[in-house]
Structure formats: C-alpha cells, structure tokens
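The two complexes that follow have chain A in common; it is paired with chain B in the first and with chain C in the second.
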Partner chain A sequence: MSASSQVPAAAREQNRLSAREARRPRDLGTPALDRASAVLPVMAFGVSAVALVIACVSLSLNSLDPYRLVVGGALTASLALLVLHVRYEDEAWDLWAIGLLVASAVAVVLLARLPEYTYGHSINGLIHRSLFTAIIQLAIALPTTCVALYYVLGATPTARDLSRYPFLVLPIVLSLFAYVVILFRLVQKGAPDLTWNAISNEYSSRLVGSAFVNEAGMRNHILGTFLLMAMTALIALPIGVGTGIFVTEHDGWLAKLVGFSTSMLRAISVFILAVSAFSLVRYTGDHQGNGVLSDLIRGFYLDDAGFKHPAKGSFLTAAVFLSLLVIPVIARATEEGLRSLPSDIREGSQALGATDGHALLRILLPWSLPNIMTGLLLGSAEAAGSVTVLLFISGRGQYGLGPQHEATSLAYLIFDAGRGAKSFTDVMGQYQFSAALLLLCITFSLTILALFLKQRFATRYRAGISYE
Partner chain B sequence: MRAWPQFASLSMGLIPVTVLVAMVASIVINSKDAFTEIGVRELSDTKFSSLFLSGTAHYGLAPALMGSIELLVVAISLALPISLAMAIFAAEFAPSVVGRVMRMLLGLMSGIPPIIYALMAIVFVAPFMVPKFTGDLSYANVHPEKIGFSAADWPPPDVPWNAGAFPWDPSGGDNSVLLAGILLSMLVIPFMAPLIEDALRNVPSEPKQASLALGAGRWYTLVRITLPYALSGIISAVRLGMLKVLGDLMIALFVVGYAAPRFPDPPWDVLERTAPLTATGAGLIGGLGTPKLCQATDCSVGYVPALMLLVMAVAIVVLTSVLERRFRARYAP
Partner chain C sequence: MAGVIEIKGMRVAYGATEVIKGIDLTIAPGTVLAVVGPSGCGKTTLLRCLNRMTAPSAKISGDILLDGDDTLRMDPVLLRRRVGMVFQKPNPFPMSIRENVLYGVKAQGGHRKSTYADIVEASLAKAALWQEVKGRLGDSAMTLSLGQQQRLCIARSLAVAPEVILMDEPAASLDPTSTAELEDSIIAMKGAYTVVVVTHDIDEARRVSDHTAYLSGGSLVEFGETEQVFTDARSPETRAYLRGRALSASVA
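Showing the complex of A and B:
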C-alpha cells in the first residue's frame, strides 16, 4: 500500500481542489503560478512577440520573405492563447481568443495564396507581399502579444493595464524610428559637402557650364534666409501682438470677426498665399510698369551695362506674405499669454490708477512676453522653412541681398536644385543636402531657443509663476 | 489719449481681415476667366491635360480633387492612430520625465520643414519603399506588354530585388499618392500629438478618479471616461492635420508630380499618380519657377484649384466646429 492511498478520500479531494485554486490566480488575487502553468503563457508571449518583431523587420526589409514563419507563429500563439483561456477562465470559450485563432487561420490561407506582387485590375502599381504580411501580422500579433502579456503578468487587473503597453509603444517606436532614419540619412548625405567654400561663396550664373562649378556656394541663400526671417519678424510682430490684444481685450462682433479671420488665415492653404503673392507680382508687372511700386514689389537687378531689369519678386514681397503665415501664430500666442494673466494683477494696477496705455506697457505685454517670444521664434522657424509661399516669386540669389532685390532662401534652393532649370541644377545640385541640413539646423536651434527662452522669461517677468 | 491702445490694436487687428478679403477677392477675380471661357462642364471633367505639360488643353479638375481626397484619407488614417498612441502614452501611461522628453522631441520635430520631407522622399524613402509598393511611374498606364512581358505571365514569378532587375527604374521622380500620404502623416504627427495630449490633460480629474475608485482599471477609464471627454479636442487636432495635409504643396509636388492626367480607376487606387489640387494649381501657374511659361488660360485655370481649396478649408473648419461643439455638449457638459 502506498502512502497516498492511506490519505482519506475527502482530504484528497480537498487537496485537488486547492491545487486547482492555486492555479487560478484570479481568485486568489496574487500571481501564484506554478511552473507548469507558467510555461504556456510565457511561450505564447514569446512566440507572439517574435512574430511582432519579424513583422516590424519585414516592414523594412525586402529580401527577407518571412511570411510562412510569421503566420505559423501567429497561429501557434493564438492556439496557445485559446488553450490558456479555456484553462483559466472556467472552461469558457473566450471570444477574443477564438477571434484571434480564426483571424490567424484566415491569414494563413490568404497569405499562402498571395502571389509575390499584387496589383489592381489595371496595373498602376504593385504591392509586394511582405507589406501585406507585415500589416496582417501586426493586426494579429499585437493583440496576441497583449493577451499573452496579460497572463504572463498574472492575470490581475493591473496586468490588464500593463498588457496594453504594446498597443501604445509599438506605433511610437516605429514612427520615431522613421524620423530618426530620415534625419540620420540627411546628416550623412549633407554633412560632407558642408565646407567653408560652400558657405562663403555665392552662386553666379557665370558659373553655368564652366569648369569652376565648385566655386559656387550658398552665401546669398543663407543670408537671404536670415534676412527673410528678420523682415518677417519685424512685420509680423506688431500686427500679431496687436491682433491678439484686440481679440482678448474687446468683445463684440468686430473682435469676433478679427479672431475668425486670423484663424482662417492659418486655416487656408499655404498655396493660397503663394497664389496671392504671384497675382500681386503679376498685377504690378502688367499695370505699374517700371515705377517705384514695381521696384519694391517685383524687385530689380542691374545688368553688367547698368540697366535696371525687373525681377520675379522682392524680399519685401516675400517677407510680407511670409508674415501672413506668422501673424496667426503670434496672435494665438499673445491671446494665450493674456488669458493666463491673473485678474488680481490687472485689477491691482487699475486700483492704483494706471491708464490703459500704462497697463498695456507695464502689465499686459511683460506678462505675455514669454508666449509672444515663443510664438515669434516658432513662426520664424516656419517662415525660414516655407518654400510654398516663395515658390512663384523667388529667384536664384545671384543679385545680392536687400529688401528690393530678388528673394531667395535656403528652402527655395532645396526646391530649385531638385526640380528647377537644368542650368541651376548643374551648379547648385551638389548642395541640395547641405542646404537641407543647414535649414534643419536653423529651425532646430530656433525651436530649442524658444523652449529655453520661454522658461527664462517666465522666471523673469512672472516671478517664476508657471501657468502651463 | 486714454484710448490709444484700443486704436493701435484695432488698426493692427483690421490688417488680417483686410488681407483675407483681398486674397479671396483676387482669387475669385482671377479665376473668373476660367469659368467664363472654359466653363464648369469642362472643369468638372475627368480628363486633364495642359498646354504647359502636354501641348493640348483639356482642364478637367475632378482627378485632382480625387487626389486631394485620397491624400487626406491616407495621411489622416495613418497619423491619427499614431499621434493618439503618442498622446495617450505621454499623458496617461508614461512617467512624467518620459512624457516631457517626448513632448520636447515632438516640438523639435514639428520644426522640420515640409521641403525636407519632400527631399528625403525622392532620394531615400522612395527607393526604400518602392520595392514594397511601386506607384504609377509614367503618365500613361503601365501595361505589361509595354515593358516586355506578355499579359499571361505577368507579374513575373520571382524578380529578385537587385538593382536593375526590375522591369522599370523604381527610383523615378513620380510616385504614388500612398507614398505622399505616408510622408504627409509624418509631417502632421508632431502637430497633432501635442494637441491631443493637451486635450487628454484637460480632462478634469473628478470623473477619472471616480471611475478608478469604483474599481475600473486605467485602460477602462481611458476608453470610457477620458477619450469621450477629450473627443472635441481630438477633433480639433484632426482639423489641424487635415488643413495641413490639404494645403501642403511641396511633398505632393516632389512625390506625386504636377498634374493628375486622369481619374483614378478604381477611385480608391492610391497607387496611381493622382496629383492633388495644390500641385495641379502650381503646375498650371508655373511651378517650375518661370512665370513666362504661364499661358493665359493655364494661368486662370490655375486659380480654380486655389478657389476649391479655399472652399474645402472653410467646409472642414465649419464641419469640425459643429462636430466639436456637439461632442462637447454630449460628453463634456
């Protein structure tokens, strides 16, 4: 007689029940998994996580054709999850698990029958099957990973929250990876050409077709970008701040109209600004002849003999239309700053007898200065990078700098060196990526400066009170 | 002189109003020729060719409109889930340091100009993505017999993705709406995610804490309490993204090209080269940077897409504002 048979039957039944209870962490409230029941969830998690990784890899690689492995993995993981659910959830057939199983079975059949390239009924393009595989796989392996993670973590309510992390983290990681790769490639391609010559020399049409192509540089484009930014800021700052103050400090239909049109200025396409700039320049060319107005709007250059020729559009015109892009940003920032002003400060100044002008100069503007500066810097960064507004009115930057000369900027250089006329592309095409890199440096440093100044100004003008 | 701030701010505030009115007026006046000389019937046609591009003029703008709509759908359906995930992670799940770093990174990335995405699209992303999907690379349809295959054995059974092995050069300048949509979604994600994050952070803590106190998990609270409450903010973020996608010119120009020659067939075929309204307008007005090329009719037709974009922008703003107000009244009283 063995020892186990001497134990009374009732006690044995009790033991069996408690062992079963112990396997059910839901009822106990603590993750008390024995080794045998921990294997299955870990396996399911491992399989589905590997499937997920393969899906991400097959999004980026073409030579790898992992769809059989991947779909097999999904099927295994879904089966394991189904068994898990049946074991843990009181023999209930969970809809999630069955749905996943059916979905992966369907995916197996679909992908096994998929040709290497898929196309529509008229061949306008082909899609490689790795893309389908990756998308279907993401759709199956992501929920599978989440459910498996839930069991790995002990099937508690906290585990339910924690198991949702893959849903959030995976898209973030994939998209950040895309940004990093693009920026890395830009630095890799642009940095070697960024020599002192490239920065200090200027483009001249005499270099077209000559052997001295390497003597061309981007000086006028770089300085033109800064000139455009400065002029845009000068024009946009008073208008934006005034608009913001008017919209916040007054009510009535006029303030509503101003607020609405400022937001619409932002909402309408940048392309509409470009078209308007172009029609202004064209109208001046058709109707104003060679007067002062034409010189200011169209710009001009002097040829070798000293004769004056009209250009495509001056820096002044470009800055005016770029400032239309920046005004809504500054106005919105001013509004935000003014709305965060505590009413006791304003009432205190009124009680002490401050006039409206005094309150504006001493209370309202200093308080909203951090917001205004942030808006101005971010707007300038956008103005530096905007090429759409300048598309029809800027030139190649061979005639020098100044409000009355032909507008040009780094952003337009990037466009023109890629899609412009061949004579320009031959000379400046080499600097396309360096120009993009420089432009990126300018916008990034402006953005960082904006973030930094916001904090500094907040401590200076708001006594450190943060109203984020 | 007590009221000089009023006068100053009023005179500054009237400038945007005047400019807006002037711009709308100039677009309407300039596009008048197109409507009177060419007529609405031809403008709404599904065939497009311009003097500038192909020598014969037939200005049907329906393909360009379809291109804009396709671009909107592709870009927003990619950008919304990703920016939603970013915002939820930063506002609800991540430790505050990670959230702050993510917010800074997004602020930095929102400074990347569209032209840089456009440049990287043609030199890097297109050669990278074209083995995955190859959009329409020519003005006409690609037919297998035109590139040396009989229709029976198309597509070729096993084409290795080595350089030059594919029937046509995959690094060509013109590509599909799908690729442009992917890049545009990268452009708008840094703008949408912080807005959604703000909307999530502005949800008052009482309903959230009540839900948590009653035993609901964080995920359940998020789905049932926080997201409905923040829905109006999410819609305003989507509006910003839609307006940015609709108005973008550079990425569409670099990736898709200047003109949409025919209506996509079937209409949802995002692999075709259907340029949106902005690129079509730029091509007509003289996007190659030489206004001399701008022919009289081409030019006036070029203002019609601008007018259509204006109408679409107003429609989007009005529609989303109505939705926003309705959702706020329903979920966040």
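Showing the complex of A and C:
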C-alpha cells in the first residue's frame, strides 16, 4: 500500500487546497485561469473609458463639476489601487506603480484645488480646469488599460480572486455609480423643463416689427431626429444587408476587399466624416445656393417673406453621412446572422433544386432577420445620438422638415443649446438637459426594442434552433 | 419508366488524390440500391456525384447519365429537381411542417396554390408521417422527433416528384424504432422511385435493397442482387466484409 492512500480523503483535499493557496500569487500569471469570470478587465476598460468620458463631458457640461470631482477622484484612486494590487501580487513593487499613485493623487488635488476656470494668456479665452485633469486622467487611464489588457491576454482573476479581494469589485461599483450619477443629474436638470409645451412647440425666430422674437420648442429637433433616423435606415439597410450578403456568400478578392473596406469604414473617425460632409456642403452649388445640386446637398429654406435661402446642410446629406456609420454595423450583423446558419440547412435547400436566390429569400434572410433588426436599431440609435457630423452641417430647422430642408436633431440641439447657454437672450439654453434626457430615452428604448425583437424573431424565424 | 442511372468510367479526384477510380454501374429504375463498404471507400462521394453536391474542388470525369441525359453537363439546379437527397443528419428548415414540404415545390414553381394541400398530404403519406402530423401542419418542424424530422426530409424530397432519391446514411442518427419506420418508407418507395442508399448498417442494406454495391478503395468490387451478394459474393473481400459485419451484429 502506498503512503498516499492511507491519508484520509478529507485531509488530502485539505492538502490540495493549501497547495493551491501556496501557488496563488503565481496563478495570476498563468493563462489557464478561469476566463468565464473575467469581469474585471472588461470593467477596467469601462472604468478608464468612463473616467475619460466624464472628463470630456465636464468640459462641455460644466454643471457636472461637483459630481465629477467625487466620481473622477474615486475612479482614479480605485484604478491606482488596482494597479498596486497587481504589482503587489507579482512582488514587483516598483517606481512605475508609485508613479501612477502619485499621478492619480495629483489629478485629485488638481480637481479639488484649481479654480474652475483658468484664464490663459497665450490662448485666447478661458480654459476649464478639467482640461488639465483630462490630460492627467488620460495618462493614468492608458497604463491602466495596459494592465487590463495584460489580464485579458493572460492572467484573468477568477471569481475566487474577487471574493478574496473584495476591493477588486470597487471599480465595477464605482463605474456603475458614475452612470447613476450622470443619469440622476440628467433627470434632475432635464425633467422639469420637459413639458408638453416644450416638446410640441416649434422653435421659431420671427421678425416682429423691428426685432427678432424667439419662441422655444423642441418639435423641429425631435421630428428631425426621427426623420434623420428613418432616412439613414432607408439608405443604410439595403446597402448594409447587401454588403453583408456579398461578403458572406462570395469568395474572391472583391468580397475580401469589400469586407476589409467595411471594417475600415467603422474605424474612420467621425470627425473625418464630419469634415468631409462640411467640405461637400461648402463647395457644391454656386455661391447664391441655386441649382438642384445645391438644393439637395446644402438644403434650403424659405423665410417668412417667401425668399429662398441656402441652408448649411440638408437632411439628405446628413443621412448619407450618418449611414456611413450605420452601414458597417448592419453589414456585420448580417454577416454574423448568415454565418450562424447551419451548413446542412443550406445543403438541404440546394438538394431540393432551389436556386441561391430562393434560398436567400426564404431561408438566409429570415434566419438573419434577428441580427439585421438588432444591427439596424442599434445603428439608428447611434445615428440619432451622433452629433459630430451634424455639428458641422445642421441648423435649427425652423423652416420645415424634409429631405431637402435644413438638417436638425436633438443631438445638435444639445450642442446648440449649450453654446447658447451663456447668452441670456437664447431661449433654447435651458433645454440642453431636456434634450439630452429625451435623446437618452429614444436611444435607450431603441436598444431595448432591439433586444426584444431579437428574442422575438429568433423564436419566430429560427424555430428554436440555437445558433452558435 | 424514368429513373435509370448509368455510370460509365466515373473517376473523382480532389486535387491529386483520386477517391473514385473508375466505376461502371447501371441502376435500374424503381429499384433500391444499397451502397456499402468500409469508411473512406468513396460511397458518399459516389452518391453526391449523382446530384452534383460534391465539393467545388472535386474533379469528376467519365459519364453519369440520367435517362440518357448527361448530368455532368446539366444545370445542377435542374438536375437536383430530378434527383432528391436525404442527409445523414435530419436537416429540416426552420419553418412549419407544411412550409418544409412545400419548400422545393415553391422553389421550382409551376404549381397552383390550390394543389399545395394535396401535395403536402400525399408527400407526408408516402413518407409515413401523415397520420402523426396531420393535426399540426402549422407547427415548427423542430417540434418533431429526430425520426419524424428525417421522414419529413424524405417527404420534402418526394414533394417535388423526383425520379431518384439519394440517401446518405439516413438512419445514422435515429433510434431503432425510427429506423424501422424509415426502412418501411424506403420499401414503400420501391417501384415509384429509384433509391440509392449509402449505409454502414449491413442488415439494413439487406432488408431494404434490391441490389447491393460493395465499394472498396474507390473501386466497385461487387455488384448484384442483394440476396446473391449476401449469400454468395464473388469476391472474397466482399464476403469477409459482409460476414464480419453480419457476425458482429448477430453477436451484439
């Protein structure tokens, strides 16, 4: 009889556990850890992103300041803690970790001590203090992201890690807290102004006697948002689905090229799209803004006296550029849907003498519908919320809605009202938060609808076949 | 009667590897042919050549004639309308039972809508499924059991009135009861359709087929009436294969 079999089972189990205890610090370095509980790296990414977003948001929404102070400071501290924890586990307590801690401390102090506005001499105008802290937070977020990457690639903390070191959960809690604070602030400031009048009234600016009289209202912007979403969907859906089908169903260099271009389109900065849209609008049509091309691209409006004026950019132009954002989303969704169809079902259709076109209409597209719908709705939500393109080419749209009219949307209103907030004459200033809240509601309900429809269509068109 | 398949000097190669090395075979109309042989002998490739469902990389040479028509130069879509196929794993479409049966009919067109109900009933009856599903034709095909799904796939192929039905180990994923029901429906097809069944189950081949072909290493070693092949095969290799398999089956 060997020695090991004489030891009682319970004791052996105990030995095994303590042997694992002894190995623990090195476990973090092995790639074989349980990836299923890899909440932390994802959250660390999220946290870094949230820290940056808060810093940037606070640049434009300065009224978030006190909250940002708490949230930003706590986030920074928790990130530093996380980094230190990893360092400690690796028994490599070094200058890098200490540097991060110092940097985060500096960020917190700067956030707390700097005056809210700093008057620059070399730069004209004033600089908000979060501009400074944004840079420092970026500097902290970068290495933290690297640590998170390190987790993803190799050492993923297990559920056991999380239960043993509860403070690892802190970043998760804090980032949720950050969202709640932003949401709360939005509701608190936005809801009171969100009256029926504000929603149903039209923004207008009329000449009464010798003075302009402005009337506040968000109707143009709300309807504009929906028009923009509808037009974008109309353009993006056939092209996106077509691209997805082409990339999946064809081999060869052309399909590869199209697939590559679609992914690249996703990677293009929105800013570049916006500048392209702006240039297009600027340089088409003659200077008076006459001609069909100018009407289509720049848009036009008729003033109260019936004179035609060229606008800054039409709904059509805005929708075309926004659809460039949405097409890759839909194409990718279609591709995923088509690829998830079991190949034997495809063979079954071929064996019955069905043409590819028939299979596409009767099997492939119905099967991919849940994916396509989700892609479309999420893409539309993105189009509704995307402000960068509209920033350059849209206006307040007070002279009607239509493909050729001046583009406008809630996203633009948030920018526009924020810009006007400092001038006391602008009646739209107070609606900045209301518009943001409304936009959030629209995009949020689209997201919920997308999830619901995906579930619904999956039951209907996939008849309970699970897809991998 | 239609459904004569003549295979003349057929060779199939994937790149440099030749998987079928010259086969001559004539399948009489309205009969059931069982194709048996060890794994990798080219059974499935032979079967899939008959409706051109081979991988695009396969190079087929020789002639395969269906009622005298050269199938290798025919539009594969048109060929598959005459030659139906049932796969190893039941693969019903994610739609209702009725739509599954009508899929091929609608794909090929040319039928009046008023005949659809009759086609559904007749096809399901031929596949011995009508009695079980007649009350729930609108239900998803996924609600059926595996055996029922496989018979639905047979009904689906029969609905387009083909001359030939190919079956690639149709009972491979079925339980004994479902297998028996499937075999009954194959036997019921005799006379009306030419059936080619690839199978690993020697006993099944013996029960359902009129003729048996034994393939080995890409060549046709034995072909003849099923009873004759099973009782008095010419080739010693065929005898050994059939006996070995039959022996192990009787031991089990």
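Everything below uses one rule, namely that the second predicted complex is superposed on the first by the 280 of 468 C-alpha atoms of A that agree within 3 Å, B and C clash if a C-alpha of one lies under 4 Å from a C-alpha of the other, contacts with A are read in each partner's own complex, and residues count from 1 in each chain.
Following the convention adopted for this analysis, a contact is a pair of C-beta atoms (placed from the backbone, for glycine too) under 8 Å apart; a residue touches a chain by one contact, two chains touch by 3 or more.
On a predicted model such as this, the values are computed, not experimentally measured, just so you know.
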{"item": "Most chain A residues touched (candidates chain B, chain C)", "value": "B"}
{"item": "Contacts of A:L391 with chain B and chain C, given as first, second, both or neither", "value": "first"}
{"item": "Which superposed partner A:L440 touches (first chain B, second chain C, both, neither)", "value": "first"}
{"item": "Touched partner set for A:I363, first chain B, second chain C, both or neither", "value": "second"}
{"item": "Partner chain(s) touched by A:T355 [first = chain B, second = chain C, both, neither]", "value": "both"}
{"item": "First, second, both or neither for A:D344, with chain B first and chain C second", "value": "second"}
{"item": "Partner chain(s) touched by A:V241 [first = chain B, second = chain C, both, neither]", "value": "first"}
{"item": "Touched partner set for A:S276, first chain B, second chain C, both or neither", "value": "first"}
{"item": "Chain C-contacting residues of chain A that also contact chain B", "value": "355"}
{"item": "Interfacial residue positions of chain A with respect to chain B in the complex", "value": "62-63, 115-117, 119-128, 130-131, 157-158, 160-161, 164-165, 167-169, 171-172, 175-176, 178-179, 182-183, 185-186, 189, 238-239, 241-243, 245-247, 249-250, 254-255, 257-258, 261-276, 278-282, 312, 324, 327-328, 331, 355-357, 360, 378, 381-382, 384-388, 391-392, 411, 414-416, 418-421, 432-433, 436, 439-440, 443-444, 446-448, 451"}
{"item": "Chain A to chain C touching residues, read off their complex", "value": "342, 344-345, 347-355, 358-359, 362-363, 366-367, 461-465"}
{"item": "In the complex with chain A, residue positions of chain C that touch it", "value": "51, 53, 77-82, 84-85, 87, 89, 91-95, 103-104, 106-108, 140-143, 153, 156-157, 160"}
{"item": "Residue ranges of chain B in contact with chain A within the complex", "value": "1-6, 8-17, 19-20, 22-23, 26-27, 30, 81-82, 85-86, 88-89, 93, 102, 104-105, 107-117, 119-120, 122-125, 131-136, 141-144, 154-155, 157-159, 161, 176, 178, 186, 189, 215, 217-219, 243, 246-250, 253-254, 264-266, 269, 271-273, 278, 281-282, 285-291, 302-303, 305-306, 309-310, 313-314, 316-317"}
